[in-house]
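A short worksheet on the structure shown next.
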Amino acid sequence: MSKPRVGVFVCHCGSNIGSIVDVPAVAAFATGLDNVVYAQEHKYMCSDPGQEMIRDAIKEHQLNRVVVASCSPLMHEPTFRKTCDEAGLNGYLFQMANLREQVSWVTEDKAAATEKAKVVVRAAVQRVADHTELHTTTKPCTPATLVIGGGVAGIEAALQLASSDTKVHLVEREPSIGGAMAKFDKTFPTLDCAACILTPKMVQAYTHPNITVHAYSEVVDLSGYVGNFQAKIHHKASYVNNEKCTGCGACLQKCPVKRVPHEWEQNLMNRRAIYTPFAQAVPNKPVIDAQHCTMLLKGKCGICAKVCEAGAIEYDQAPEGTYETIDIGNVIVATGMKTFDPTPMKALGYGRIPDVYTALEFERMCHASGPTEGHVVKKTNGVLTHGGAAPKAVALVHCVGSRDKNYNEHCSRVCCMYSLKYAHLIKEHVPGCEVYDFYIDMRCAGKGYEEFYNRLLREDVRFIRGKVAEVNNWAIYPEEEGRLVVRVEDTLVGTTRRIPVDMVVLATGLEPAEGAKALAQTLHMSCSNDGFYLERHPKLAPVSTATEGIFVAGCCQSPKDIPDSVAQGAAAAAQAIAMIKRGTVEIEPTTAHVLEELCSGCQICIPLCPYDAISRDEERRLAVIEPAKCKGCGTCVGACPSSALQQWGFDDKQIYAEIDGILANA
Amino acid sequence: MTSYAYYPGCSAKATGASYEESLMAVARVLGIELEEIDDWNCCGATAYFSVREKLAMAISARNLALAETQGKDIVAPCSACYLGLAKANKYLKEFPETREIVCGALKAAGLEYNGTVEVKHAVEIFVQEPMLSQVKAAVKHPLTGLRVAGYVGCQMVRPYGFDDAEYPVALDTITTALGATPVPYPMAARCCGGSQIMTNEEVALRMSKNVLLAAEKAGADCIITTCPLCHMNLDMFQAKVNAHFGTNFSIPVLYFTQLMGMAFEASGLGIEKNLVGPSAGLAAHM
Amino acid sequence: MAEKLKIGIYWAASCGGCEIGILEIGDKLLDLIEVADLVFCPCILDFKYDDVRAMPDGYIDVCLFNGGIRNSENQEIAELLREKSKVMVAYGSCASEGGIPALGNLFSTDDLLKRAYTTETTDNPVGIIPGPGHSVEEGELHLPTVHDRVRRLSDVIDVDYFMPGCPPTEIQTWAVIQAVASGNLPPKGSKVGVGDKSVCDECDRERRGVKIKKFFRPHEIIAEDGWCLLEQGILCLGSATRSGCEARCIDANMPCRGCYGAAGESKDQGAAMLSAVGSMLAADSIEKAEEIVKSMVDPAGTTYRFGMAESMLVRHFPERGQG
Amino acid sequence: MASFEPRIVAFLCNWCSYTGADLAGTSRKKYNANVVAIRVMCSGRVDPEFVFRAFEKGADGVLICGCHPGDCHYIDGNHKTAGRYPMVRNMLEQFGIDPKRFRLEWVSASEGDRYAQVVNETIETVRALGPLEWPKRLNESDTASPA
Amino acid sequence: MKPDFLEEIYEIPGGENIKDCIQCGTCSGSCPAAPNMEHTPRQIIAMIRAGMRDEALASNTMWMCASCYMCQSRCPSQIKITDIMYALKRVALAEGKAQPKASYMAQVFVDNINTYGRNDERMLIFNYYLKTNPGKFLSYAPIGMSMISKGLLSMGAPERIKNIDQIRKIVAYVEKDGTA
């Protein structure tokens, strides 16, 4: 290729770079570097005028290489590649120097920052001289999307996709879709019934011709690449043939094993060994719990089979279940959250004092089909029945396991609002009941939320600003006898108080769902420090991930309320649809390739490739790389002992040039 | 046989004498060697720590240094001493600047400490296996039917310590091992007023009262303690509590080692030195 | 008939094996005598340096120079022979890559001399360590200065051709002589009688994709025939070594020791070997890797057995080299 | 040797460590300016030749950062890096380069603080070791003049 | 010259955590002595951060602290509250702002240790009440007598540890260091 003519464009990024790095000095320095024929600065290189400047310079000075020294390549590399292409210069004859995220923002001393900036620019200039033209390849995109998680976010995403005629595989590990929202009684701030608004969506999703619901199933592997993923789905053994089952429910009535703790009901009541988690379950197909079914355990019973007219019971299903591999173009992860288990916070008495409840337990208590048929009552001899005595006073304790460095540092965002909801529900269910709401800060950011708070203030709820220090059940003063005592500082008054109540509801915070980390590893996604999934950009790409073609929605990304989860579900769907409607995906050209005249077929590389992209051509005794399979990690290139493997865009020469550029005057 | 560097603490040589006597008696039975640290000094205790932080660490560290020469872990029966020594030990490891000053001070006194010593509370050495089984085995006279409120107070479990900071179980474990019955005792880890007894007597007495009240409600025949200061507040000042609040508690307060001694039928437990006389329930076993 | 070809053969820091290598051409020697005269070869015939100094420049047609540059004498004669020779061939691994003597580059000259002259294997009661200008009762001895490091011939003079190998095979040797005789020479600077690929290209052992759990030195294990030695934990340098030897050592069930130097475009034989073998460990953590690597004795000595003078870290011209 | 400013070359994998380094920036964590990063797609791309090259060209220290084991965007590229690491350290030691000048650390995309901390630690370690000046050492050390 | 108040607090090991306080009141709610404090522990932290130096130092709060560490073990921001109380005592003493009665005890205790190496409870009680309230001393007579009768109070003279000089050297070293 003709002698490099490099143009260097240094960005002030307003004051982000300019206030620390002496941009003119850097530009001047660049002018003096080998191969540099033009260097210029600009306030905002990514702005239209900025890009225009680059395009003009390319033409005017016949530049055949471009270096933009601005922000991180992860931010604007695509932007400037496009700029070059528009000026007729191949976008890969371009290199970015990261002066913002890795120089100006992290360096205190201005002189040091400017010096480092020069070094970074010099490295980029030396590197770009060795760049070669590259071209992205396009691959067809499989017109189907995998949605992992059948909560409200996943359902919304699935429905949006389906309505655009995209095939959807909706995978839910529980026997029914619906997720957390299906457990809720009312929803804040409108107080409309969760089931009433969710159930239709669940049914719609299940019956939609474009949606295949894989309930009681989990994604165990994902291979392939954007546009052409293969997902392996594990269907757990339910011992019920869903094709045959009519959902008549006869088996549910007749099963003699009645004392199985009902997880879905927060173990506040029992279920049978064959069960559906709740009445409106979708699909309405029971599953048999192999840990408790006497037929499966001891080979005795078989009643459900007897009563099943459809003959849908199959005790002989393989216990390990079945596996299915599906082709999809992209993936939406909507695996939701779990609520904090307050047992370790001994001071709050959960697990020790019967009438201390978690938020979800209380949610079920309020629910008409819950353990108390919707009555707010105390336990009788440790058991919850609708016949129990109503409390005279209830304490709502905010920030349990949230905003607490001993457990979770983050704010769970929804606890304030659902606590207000509970306050209202208690007043509604138990007229005259005192409600104490203990909060640190009342966080009501959302449409109609503050209004809801104001409404509750009028409903005579006793709001006390102070984190509950302790809940105990031993009296010191007569009025405390036989009741629970909440110890707290009323911080607005500045005095400590002992407040007797009959029931305590802990506003337990939100945590990443069970197995979130494992799934992240299966899908090669990252988690942030709080364990929730890491989005590509907190502001600009909130539902994308670092992995092309994998999107996130709902609480798996961070705690959210229902409207936000639904919005994200739709947003993720929009991105998935966009990709599928385009019909093709662009594959980065930065793959590994073989220099055949040097390759001796030693096969060091072959077992290193996690994607089986490398094979051996037996008669030519050479390694051969399948570009479509190669994801461009370069591990094989790093390993090749005779430098017979190279990676487009990251070959030895280019990286040597970068090293030398950094150390030029060492 | 297990062997420790024994750190008595100041009270053990005076008001807490019977704690030391009973501890030694029990240790003899179980074949635990407690070799008193030669020329030990005050642990720094709460009062000292509160007004001379680094200095307290330094003089506390002198004991650690002495124990290190014995090449043994320290056992401290007094919760305040336990915390004083443990805190010094912890901060020396965690905070370089503290380490610098303290080690400098030790050097000035011709001593050095390399952080190899572990600090254990007397309770700790009995509740951990295999010793717990040996305790069970050593019981000659099971204290069947005796209802015991196990009181550990604060500094054995907070801010460090080996037992739960809110609802500790170690003493109940021992009580059960002796054949007696631990009563549910919510005040087990609440403050007795300890260090306040002289400066803010009224406050301290109120705290002691609550501790005693809960024991009475739980129908305890006796309270067992793990610290001379707690013992002083609950036993010696029980009369003062009664006088002050018009209550009439008469709950015997024993060192947990005295209770163990009873079950072992060991002698020289100094039980007679406790001011509050034995309750009916307790007398039945004496 | 045309004038006979004038051949010069010299040994610098080397073992004499290369001369034997030349004899390996066997009865071709007779053909050689037909066309060539040996005008300088201290190993076989009695020459004085002055005889060489007396020669006119370019008098020697081809000089087969073996051995690396260890001391001032090696360098002086190298420079002298460069003047007197039309074609200068770095003959053998020592001249082209530093060879075995260059392993000394990992140590200081003092350590080397002490080791050579004072350890138990040397009978040296007074502990004399010879140096330039050493006086004995007969008078002053003038000995060459030992350099701090062995360098390649090409590091001190301009070399026309390289012929790696310890020693080079008779085929290579004969090929070069013929080339010079017939006058159709390959482009200057080329490595003659070798391939571009690695020894694996000439090796037929089977790769099974087995990861390495432990390293063995050749005497610690009897290698399974027909199976890649590297996968058996024997540090065979074949994959990082230039081809051309027909994998002779490996055919004898011994690992390749790397005498042809780095393969392909690789800049550094040792580093290249590490990158390959490091990627083959049965380890998913630094800790596990460290455990396995414990059994790898003397990595530098093993992976640079012949290539030390070529390695990046002890190469002579740090500022040169591809960038 | 009062104000020796070491030069550190850092190889960062694109998905975890380079992103983590960017996060350090967006959250304005300050760290020493003597480190310059080279972005590779995976730490597995880092050929030991790069490390040697950096020292040969005058680096005082070399840092490699990759995803935590199990988090690798390419499944297990970082395992290969882990495998090469101890070998390279041993080798450097044989060449008389203190292995403490060469460090491998796992830094995830969310560990901006950790990246800043790792960089500062590395620089302090290397600063304590003093300048390496490999090119200088090679040039000086020889008596003979090359042709 | 006095160090800045907050600096004084930051200086204690882990003291900087005071910056993390979210004013939730867990500390006060957990404190058995809070009802008797002029300001709750949470308020004291707020006052410190508001720079209300004199008010904070004049408060009885830290002198009421029974060192039960309940606040510290529950604090959601992992603030070493008890240590902060101690720091307040130190500053208050150093600047003579401490409530006299309260501060005597600690002072007596310290002198006690520095002279004998150990704490002789009799000297403690005696000296303390001598300084504060001699009359009160008599109220201890009954307890005192019963203790003597039980042999829990010896009548011997207080004794020093053998190497009291080591204590003196340690004290000297740390005090000159000025960070005691």
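For the reader, a short list of remarks on this structure follows.
Lettered A, B, C, D and E in written order, each chain numbered from 1.
In this text, contacts are C-beta pairs under 8 Å (C-beta built on N, C-alpha and C of every residue); 3 or more make two chains touch, one makes a residue touch a chain.
Bear in mind the structure is a predicted one, so any value in this text is a computation, not a measurement.
Least step count on the touch graph, subunit A to subunit B: 1.
The set of chains touching subunit D and also touching subunit E is given as A. Taken together, subunit A and subunit C share the touching chains D. No other two chains have as many C-beta pairs in contact as B-E. Distance between subunit B and subunit E, defined via averaged C-alpha coordinates, is recorded as 21 Å. With centres set at the average Cα position, the gap from subunit C to subunit D is 32 Å. Once the centre of each chain is set as its mean CA position, subunit C and subunit E turn out to be 78 Å apart.
Multi-chain contact residues of subunit E (touching two or more other chains): none found. Each of residues 165-166 in subunit B touches at least two other chains. Taken residue by residue, subunit C touches two or more other chains at 266-267, 272, 275, 278-280, whereas all remaining positions touch fewer. All chain pairs in contact, by the document's touch criterion: A-B, A-C, A-D, A-E, B-E, C-D.
Within the complex formed with subunit A, the subunit C residues making contact are 196-201, 207, 209, 211, 238-240, 243, 262-267, 272-273, 275-276, 278-280, 322-323.
On the side of subunit D, the complex with subunit A involves touching residues 7, 9, 14-16, 18-19, 21-22, 24-26, 28-31, 33-34, 36-42, 44-47, 49-50, 53-54, 57-59, 67, 70-77, 80, 108-111, 116, 135.
Only residues 69, 72, 75, 79, 82, 106, 145, 147-149, 151, 155-158, 266-268, 270-272, 274-275, 277-281, 283-286, 288-290, 292-293, 296, 298-301, 303, 311-319 of subunit C touch subunit D when the two sit together in their complex. By the touch criterion stated above, subunit B contacts subunit A in their complex at residues 164-167, 186-187, 210, 213-214, 217. Partner subunit C is touched in their complex by these residues of subunit A: 126, 595, 597-604, 606-608, 621, 635, 638-644, 652-653, 656-657, 660.
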